[in-house]
Amino acid sequence: MAEIVGLHEAVAELVHDGDSVAMEGFTHLIPFAAGHEVIRQGRRDLDLIRMTPDLLYDQLIGMGCARRLVFSYGGNPGVGSLHRFRDAIEHGWPVPLEIEEHSHAGMANRYAAGAAALPFAILRGYAGTDLVRHTQVASITCPFTGEELAAVPALNPDVTIVHAQEADRSGSVQLWGIPGVQKEAILAGKRSLVTVERLVDVIEPRPGGVVIPGWVIDAVAVAPGGAAPSYAHGLTERDNDFYKAWDTISRDRDTFAAWMDEHVLGAPAGAGA
Amino acid sequence: MAEIVGLHEAVAELVHDGDSVAMEGFTHLIPFAAGHEVIRQGRRDLDLIRMTPDLLYDQLIGMGCARRLVFSYGGNPGVGSLHRFRDAIEHGWPVPLEIEEHSHAGMANRYAAGAAALPFAILRGYAGTDLVRHTQVASITCPFTGEELAAVPALNPDVTIVHAQEADRSGSVQLWGIPGVQKEAILAGKRSLVTVERLVDVIEPRPGGVVIPGWVIDAVAVAPGGAAPSYAHGLTERDNDFYKAWDTISRDRDTFAAWMDEHVLGAPAGAGA
Amino acid sequence: MSDVTAGEVQTIVAARLLRDARSCFIGVGRPSTAAILAREIVNPDLVLVYESGTIGAKPQRIPLSIGDGELAATADLVVPVVEMFNYWIQPGRIDVAFLGAAQVDRRGHLNSTVIGDYAHPRTRLPGAGGAPEIATGCDRTIVIAPHSPRTFVAQLDFLTTRAAPEAVITDLGVLEPDPDDGELVLVQVHPGVEPDAVQDETGWDLRISPRLGTTPPPTEAELAALRALVAR
Amino acid sequence: MSDVTAGEVQTIVAARLLRDARSCFIGVGRPSTAAILAREIVNPDLVLVYESGTIGAKPQRIPLSIGDGELAATADLVVPVVEMFNYWIQPGRIDVAFLGAAQVDRRGHLNSTVIGDYAHPRTRLPGAGGAPEIATGCDRTIVIAPHSPRTFVAQLDFLTTRAAPEAVITDLGVLEPDPDDGELVLVQVHPGVEPDAVQDETGWDLRISPRLGTTPPPTEAELAALRALVAR
């Protein structure tokens, strides 16, 4: 059974310097509150994993938490660049950032292989692209048809962090709306933390609800609004204005640092941004 | 968009002599009405595919519709043997039956590969069992770790038939309760037929509901009670007494034939059994 | 206690083994009864997992099939078969597997495929089902089988499942693997059963533990719970 | 019509190409606007598919991100990312893909990864996202890109997506592959655009079709629908 703990305690216990850390949520339920707590606790040398780095990883990278990034799309969706991500890759600021990149299909299948305890996954992809020379992908031959396919290695992060709408007191969680790769990421992770909008006495299954039992989760922390500026379907709204404002905030190193100082470093655990 | 048609017409159009036919439903939503229509239309030389042959395939086999069976568990669940299945394999009655058998994990992954348009799937299994010498399975080496895994070939039936609770007028369907491998089987099939308990104006997503859009289905036929003696979660009850009675009905060739005459051959399309 | 049947003892012994388990994977028949009983007598939080996809089912009655509606209606989550095998069984998320079989050999390997020759079988059995991957995926495998020379055979007609059971529970006693070479050893007989009688029902020269014990008889509470469950 | 912008023409031309499509896979930005517009002006039954997992979304407004709540709330079904790529895109169940890119070459291949050297980039772009598998999975790929020498380049800095587009729609005209060798040919210019101007904005020696046509100008109805959509 997952322990219900405070966010500060959960991050202190589960996330260590040098860990590989996946924070997932595909445009929805992005675990900002937990990521901010990682920043406040000053974690370093993280191997950050996420299909769509988004603003949260822009912040972690800009604050120097990451040594390496594994991803498939590093943009501010609908807005443009992630400036801290670019600054780290283009200029090594504030610290150099190694990268390993894939396609979405490759990343999703890497999580699925990790969740299934398989060492790799197969897909039709990568062939004929320059990705082949710059990432972990191999060719594999179908033993029945002779067809060549791509093989990608499983992802099994040291710790996976996701946000969900609700948990019960045994630490089972339910999320609904766009489900992304959260289930696969949790099951692939060696440890896991789920932040939730609320505790409920009984989880009532919802249409489109994904229930993850507490006995495959290490810790659950209550963090209302913890997905902001992304959203929790049915409970909170996406702050599109903030996604647009981030373009300006993040473009300049000093403006970025000042914003982080005020809104993250100075905020209490679980307060969101 | 799927056409909404009569069951007689749907089977006549979609199921041909010699086809590979998957009728799925894992202990739940077994498409008996459609299978009975296949029997009434006198289909022959079918390559029948199903994880759990159950009573429906016992009937199809006993009526001489099948040339071959691909399966993973051929029993009457909780009761005992499938006598027509045994008679066909042990004595070639009424016609010889070729078999290809797998484990559940192998069959499920074969459907998943078929649904994903991959030629094969990988899993940890088969190693060290006598299945290896008697079925389609190959060894494959992980290009990253060197680990040996099992590879099984994709299943892409000529036609897949499943039963669901409801469809709308565009032929989209929703099923809920135990979901089995129905979604994979439909997506893996070259053609597909879904029988449903009822037509609805609008599909309201349910907890645990699996929605399959009409544009990946060829035909939908309304067949209320069409899963009996299995059941449609929330709408009909499993007829456990009939599962037990089948043991006696099916044990003897003549009793079986008389029962089929009365309850299937003499019944109108869509009447169930 | 003279009215206790051998089958009742077998079921209660199996249930007791689930005292410390988090989750148990079960098929139909006696294993299902034992696991449901375990939730009532030794482990109310035990998570029951059926290969139909129901995880955390809380049946009040013994289901006839693994797909009975009550299992889905009371489950914590219900997953597709592909997910069950790939995300739950294969990674070893389920602690204990309860398995039955038509034949068991001295290593605890199982046959549920065929009696006689594969191409010309004397008796065609149902086949593998989920057993091969369940046995290798779960940390602990417990086999439940009736004790007879037809079941406990020197040579399997077909090796369906390469199980390495921590215990084989029969209607006569309990067998466990020798820590040195893995061969099944009779470690416990049920009340009133002589070791010689177990040998008579075993198709090979059965090893008997020098520390052979006797199964603690079912308590009144265990028996009452079992009989109430069966009667429901 | 003098007040029609080049971007409006581009969006309307893209929407028109979806007249006979069953389903269309879209990212954010102009492709999304064109696909939503197509449902209003040429194909009300068009199934919109976003890589966030929403199939059959019916947005009334243009979403900022592919994961906006309105997409999930109005979709026929919402699937996990793994299912989207494995069961829907890879098997070719989605007819048309709308893709953008930072660079397009004369074969219609795309770069969305990096400008400059991979290890020491001048500009790091977002990366592949879903594009490589979307382009190979969908029957028809349509590229939508602004026409400039920075975008239409003789040599990609990085080959991200091996697309074989049936059409590339720019703010100046439409390019289609030569049936013989697949090289993009200018087949259509938008109203008021001279072919020479297109060549000036293309980083290679552009082939111009001997049957070069002019884009039928947006109708009042098309323009009204687009402007109403953008204003919502």
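The first chain written gets the first letter, and so on, giving A, B, C and D; residue counts start at 1 in each chain.
We take it that a contact is a pair of C-beta atoms (placed from the backbone, for glycine too) under 8 Å apart; a residue touches a chain by one contact, two chains touch by 3 or more.
Predicted model, so just to flag it, every value in this text is computed and none were measured.
Novice: Provide the C-alpha centroid distance between subunit C and subunit D, rounded to the nearest whole angstrom.
Specialist: Using C-alpha averages as centres, the distance is 58 Å.
Novice: With chain centres defined as C-alpha means, what is the inter-centre distance between subunit B and subunit C in Å?
Specialist: 28
Novice: Taking each chain's centre as the mean position of its Cα atoms, how many Å separate subunit A from subunit B?
Specialist: Going by mean C-alpha positions, subunit A sits 39 Å from subunit B.
Novice: Two or more other chains touching the same residue: where does that happen in subunit D?
Specialist: Each of 86, 90 in subunit D touches at least two other chains.
Novice: Which subunit A residues reach two or more other chains?
Specialist: 112, 117-118, 123-124, 183-184, 205, 208 - these are the residues of subunit A that touch more than one other chain.
Novice: Building nodes from the protein chains and edges from chain pairs that touch, which of line, ring, star, complete or other describes the result?
Specialist: The chain contacts form none of line, ring, star or complete graph.
Novice: Pull out all the chain pairs that touch, please.
Specialist: By the stated definition, chains touch in these pairs: A-B, A-C, A-D, B-C, B-D.
Novice: Can you list the subunit B residues touching subunit A in their complex?
Specialist: For this pair, the touching residues of subunit B are 117-120, 122-124, 136, 138-140, 142-145, 147, 149, 151, 153, 204-209.
Novice: Along subunit C, where are the residues that touch subunit A in the complex?
Specialist: On the subunit C side, the touching residues are 22-23, 47, 55-56, 76-77, 86-87, 90-93.
Novice: Please give the residue numbers of subunit A that touch subunit C in the complex, ascending.
Specialist: Subunit A reaches subunit C through residues 112, 115-118, 172, 183-184, 187, 203, 205, 211-213, 215-216.
Novice: Write out the stretch or stretches of subunit D touching subunit A in their complex.
Specialist: Going through subunit D, the ones touching subunit A are 28-29, 51-54, 63-69, 71-73, 78-82, 84-86, 89-90, 113, 118, 121-133, 136-137, 158-162.
Novice: Which bits of subunit A are touching subunit D when the two form their complex?
Specialist: Touch list, subunit A to subunit D: 26-28, 51-52, 71-75, 77-79, 81-82, 85-86, 89-90, 101-105, 108-109, 111-112, 123-131, 134, 177-181, 183-184, 208, 230-231, 233, 237-238, 240, 243-244.
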